[in-house]
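Following are the structures in question.
Shared between the two complexes below is subunit A, which has subunit B as its partner in the first and subunit C in the second.
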Partner chain A sequence: MPVFDKDGAQVWRLRTPREKLIRLGGWLIGLVIFAICWQRISEATTWFFVWDAPRIANDIWTRATPPRWEYITQLGRPIWDTLNIATLGTIIALFLAVPVAFLAARNTTPSKLFIRPIALLIIVSTRSINSLIWALLLIAIIGPGVFAGVVAIAIRSIGFCAKLLYEAIEEIDHAQVEAITATGASRWQVMAYGIVPQIMPAFAGVAVFRWDINIRESTVLGLVGAGGIGLQLSASLNVLAWPQVSLILLVILAAVVISEWVSAKVRGAII
Partner chain B sequence: MSHRELDDMLGKGWRKPHFVKSPLLRWGLTLGFLAYLGAAYLTIEIDWGRVYAGLDRGWQFVLSFTRPDFISRAGDIWGGLLESIVMTVAASVVGIAISIPIGLGAARNVAPLPVYVICRGIVAVSRALQEIIVAILLVAIFGFGPLAGFLTLSFATIGFLSKLLAEDIEAMDKVQAEAIRASGARWMQWINYGVQPQVMPRLVGLSMYRIDINFRESAILGLVGAGGIGATLNTAFDRYEYDTAAAILILIIGIVMALEYLSGVIRARVQ
Partner chain C sequence: MLRLEKLTKTYKTGDKALQDIDLEVPSGQVLALIGPSGAGKSTLIRCINRLVEPTGGAVMLDGEDLTRLGSGALRRARREMGMIFQEYALVERLTVMENVLSGRLGYVGFWRSFLRRYPQKDVDEAFRLLDRVGLLHMADKRADELSGGQRQRVGICRALIQDPKLLLVDEPTASLDPKTSRQIMRLITELCRERGLAAIINIHDVLLAQMFVPRIVGLRFGEIVFDGPPEGLTPDKLTEIYGEEDWEATIEKVEDEEDIEAAE
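Our next item is the complex of A and B:
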């Protein structure tokens, strides 16, 4: 704690002069980096468009309001598709994530040296690539449509679910597992009666949580052609039908809010 | 468990308790779920012939990960990657800087009610809109280029960080803050010495996490013309240049892993 003598009185300061200097230097370096980044963005920007932006925004707003309410009759099927993409994708992801999680958790993995790193690699690589990129890829491979969206959401969710699950598995109470082992249970019986009941609440929580996120993500998958309401959004944007765009955005907003509400309720009931 | 119940259970075999206790709810959920699955399966159109035909191409893609091509499109890859990083850094700095006052405003124990309502409103709007939709609108308003991406990521950062920061401030220890206030500190000093030290570790951790997310998101903003590596990736998929696409994906995964490792180190040091 730096306390200095100043004219015989003791004065307290938060940091020593040296610490202050180091901090100042750090801030300065950060500022320089930010300035360089801003410089690059600024170079790549057409500033004329930016100065014009308020007028354009106003123009789009007047075109987009009021929303074309009668268009909602055509949105039933896309919404159903979006729901299916999110739900089926989550279910497939959970089926795949459970084994990965068991292989990745320190206390259940068969081999810490070989299998655990592979499982962790699967988790990281599926998690770090956005579902839109997976969708792009899958459309190139299996063709556009709802199925590509389902698979994209499933692959993207594996990493997320497996990560949260294996952390839950690593935190289980070991005494219960030992008690089951002491009764002479086999490896699988230990899993079914010692580990699974302990991670069941976490599993249900993760499932609902991810489903909520997937509803959000599946609403925009159609932008690249993977089905759902995003297809309508993309089509409306392409023909500059702004009243339809605003209606679709409202529907997406409602879907996101409802799914978040459902997920919060279910998680509240579980935990 | 009372003695009565124990007596009843004596001599009977043990059955595993069900996860959902009420049988009516359990069977209702199961039946509803099965009915939904059936309906979803019937309405989804899967062209298995097309899927089968695409498997070959999928295998080509998997193989291309063994021989990623960093060279032939090196200029585009580095340009796009640099733009993504620049966007991430600038947007994280601006987003974090703005989300601190909004986070303070959205904490009920710091801000008065009108400020609280406004700040919570900003947070709710920012969280409800997905990055890609915000990016589409901003590209329409500000024109193509990294500026739209930068604004999108800043906006998304505000919603994420302000909400979590506000929750952390609301959960802080009142005693410390009160002690600072009792010493006659002004509002600014109270925030600086009473509140800030308590929430700083979490703020740093969350900021690191958000930088990680911003980088991942910046990889897809290019799909709608908001700058970054996404445009290059999209072109690579469209031209079926899987080697280049694999190289880009490997770079993204590598950077995300590095960021995750870095944030782990920083978080461990701060806490």
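Our next item is the complex of A and C:
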């Protein structure tokens, strides 16, 4: 914060001239890097296809509209499968996530040194792999179908749910736990009375939030053969049946909008 | 009934919260523990029921050393000691009735408590206690719907339903307005008299302590520096406990306020 004495008045500037110069240099370097990157990308792009894009998009749009409405009779079953994959997967994930969360939370873990790192590893490893990749792996192991989808969604969701839950457990009011402990309650009773009521809103919020995400994730699982509406989508794409594709996209959109509405309602009611 | 022998607590940071505390509380005696913040009042009562583990000395309750108990025996011993907290420490999302009944957790099994199938006599006692503190109509309300004074009454019921011999009371009035504070102190001392309970009440409000409690113990830097009746709290003694300050006003006010109380 430099202050100059100029004609007897105290003049204040935010930065010294030297600092100004350094900043200007920084901006220049940034600009150069951007230009170089742009050039690299440009070299690796077949510009003919990009210039062609609006025409192709327009072509697909005219082929895809209007959607083939009568195809909807064949979509009831797959969208029902998709909903089931999401719902069952979420329920299984919650059952598995609760114990993991208790083992991972600093204030409830039996051992900070040994068990907590294992719980954290479970959380990180299940979270970091996309459900599509889990589905690919599981299809190889248990064969294609809805069940592989359910398991993929469940595994993918454990880490997410457990992480949010253990953060909720770590943030509980310790005084309530202390009060229950002081009555002579056992370890399990302290958990049921001192901790569980405090994390119930978080639990409900996580459950519907994850269910909402899972509906979106399970729509694509069919692309790799794990059941649901994605199966229809990939079949239609393969035969270039664009009117069917557009109808499927509409159905997915409707399902997602409805699930979002339900989860917003449920969360609003609980919290 | 309760005897502390050279009770010591040194925190991992090296802070000596309690230094060789010797204190005897006979059956049915109500005692106020005063002292500045950080004097070790909370640590002292938490060392008695081992919410904080003491590092040395003994806590003798009816001839049994609580510091040597295993976890099962400690839980049985905790049933004998009801605790009341500064910020009430009710389970906010449970109903008043569930909060009161949670005082029986040490007596009922896990599944009974989990399914809220408490023995009928516990439920009867819960209703009796709620009626006694004037909250019978609130039994079905959630704890977070209650006002501060009402919550503290629920906290008192939860402690009493344990059927304890001793109450450990940690700053019961610190979050309450002056009028409610007095009502709560009066309620606690009355209930102790009715049931012949001993109590250790942590309180930073010297006036309240003098008004309601026959024996006052002053704590400073983890050591007892005063033990006697309220009349014995002279300005010199208060200076010893809290440090230099003009105490005349505090002591005079006690008499004034008692007049006001009488006039009411």
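By definition in this document, the second predicted complex is superposed on the first by the 227 of 271 C-alpha atoms of A that agree within 3 Å, B and C clash if a C-alpha of one lies under 4 Å from a C-alpha of the other, contacts with A are read in each partner's own complex, and residues count from 1 in each chain.
Operating definition for what follows: contacts are C-beta pairs under 8 Å (C-beta built on N, C-alpha and C of every residue); 3 or more make two chains touch, one makes a residue touch a chain.
Since the model is a prediction, treat every value here as computed from it, not as a measurement.
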{"item": "Fit or clash - subunit C, subunit B, common subunit A", "value": "clash"}
{"item": "Which superposed partner A:132 touches (first subunit B, second subunit C, both, neither)", "value": "first"}
{"item": "First, second, both or neither for A:92, with subunit B first and subunit C second", "value": "neither"}
{"item": "Partner chain(s) touched by A:189 [first = subunit B, second = subunit C, both, neither]", "value": "second"}
{"item": "Touched partner set for A:266, first subunit B, second subunit C, both or neither", "value": "neither"}
{"item": "More subunit A residues in contact [subunit B versus subunit C]", "value": "B"}
{"item": "First (subunit B), second (subunit C), both or neither touched by A:179", "value": "second"}
{"item": "Partner chain in contact with A:147 - subunit B first, subunit C second, else both or neither", "value": "first"}
{"item": "First, second, both or neither for A:200, with subunit B first and subunit C second", "value": "both"}
{"item": "Which of subunit B and subunit C A:72 touches, first, second, both or neither", "value": "neither"}
{"item": "Doubly contacted residues of subunit A, that is, touched by subunit B and again by subunit C", "value": "193, 200"}
{"item": "Subunit B contact footprint on subunit A (complex, rising order)", "value": "14, 30, 33-34, 37-38, 40-42, 44-46, 49-50, 53, 56-57, 60, 80-81, 84, 87-88, 124-125, 127-130, 132-133, 136-137, 140-143, 145-147, 150, 193, 200, 204, 216-217, 219-220, 223-224, 233, 237, 249, 252-253, 256-257"}
{"item": "Of all residues in subunit A, those that touch subunit C in their complex", "value": "173, 175-176, 178-186, 188-189, 192-194, 197-198, 200-201"}
{"item": "Residues of subunit C defined as touching subunit A within the complex", "value": "49, 51, 75-79, 81-83, 85, 87, 89-94, 102-107, 110, 113-114, 155, 158, 162, 168"}
{"item": "Subunit A-touching residues of subunit B, taken from the complex the two chains share", "value": "16, 19, 36, 40, 43-47, 50-51, 54-55, 57-58, 61, 82-83, 86-87, 89-90, 93, 128-130, 132-133, 136-137, 140-143, 145-147, 150, 193, 216-217, 219-220, 223-224, 227, 230, 233-234, 237, 240, 245, 249, 252-253, 256-257, 260"}
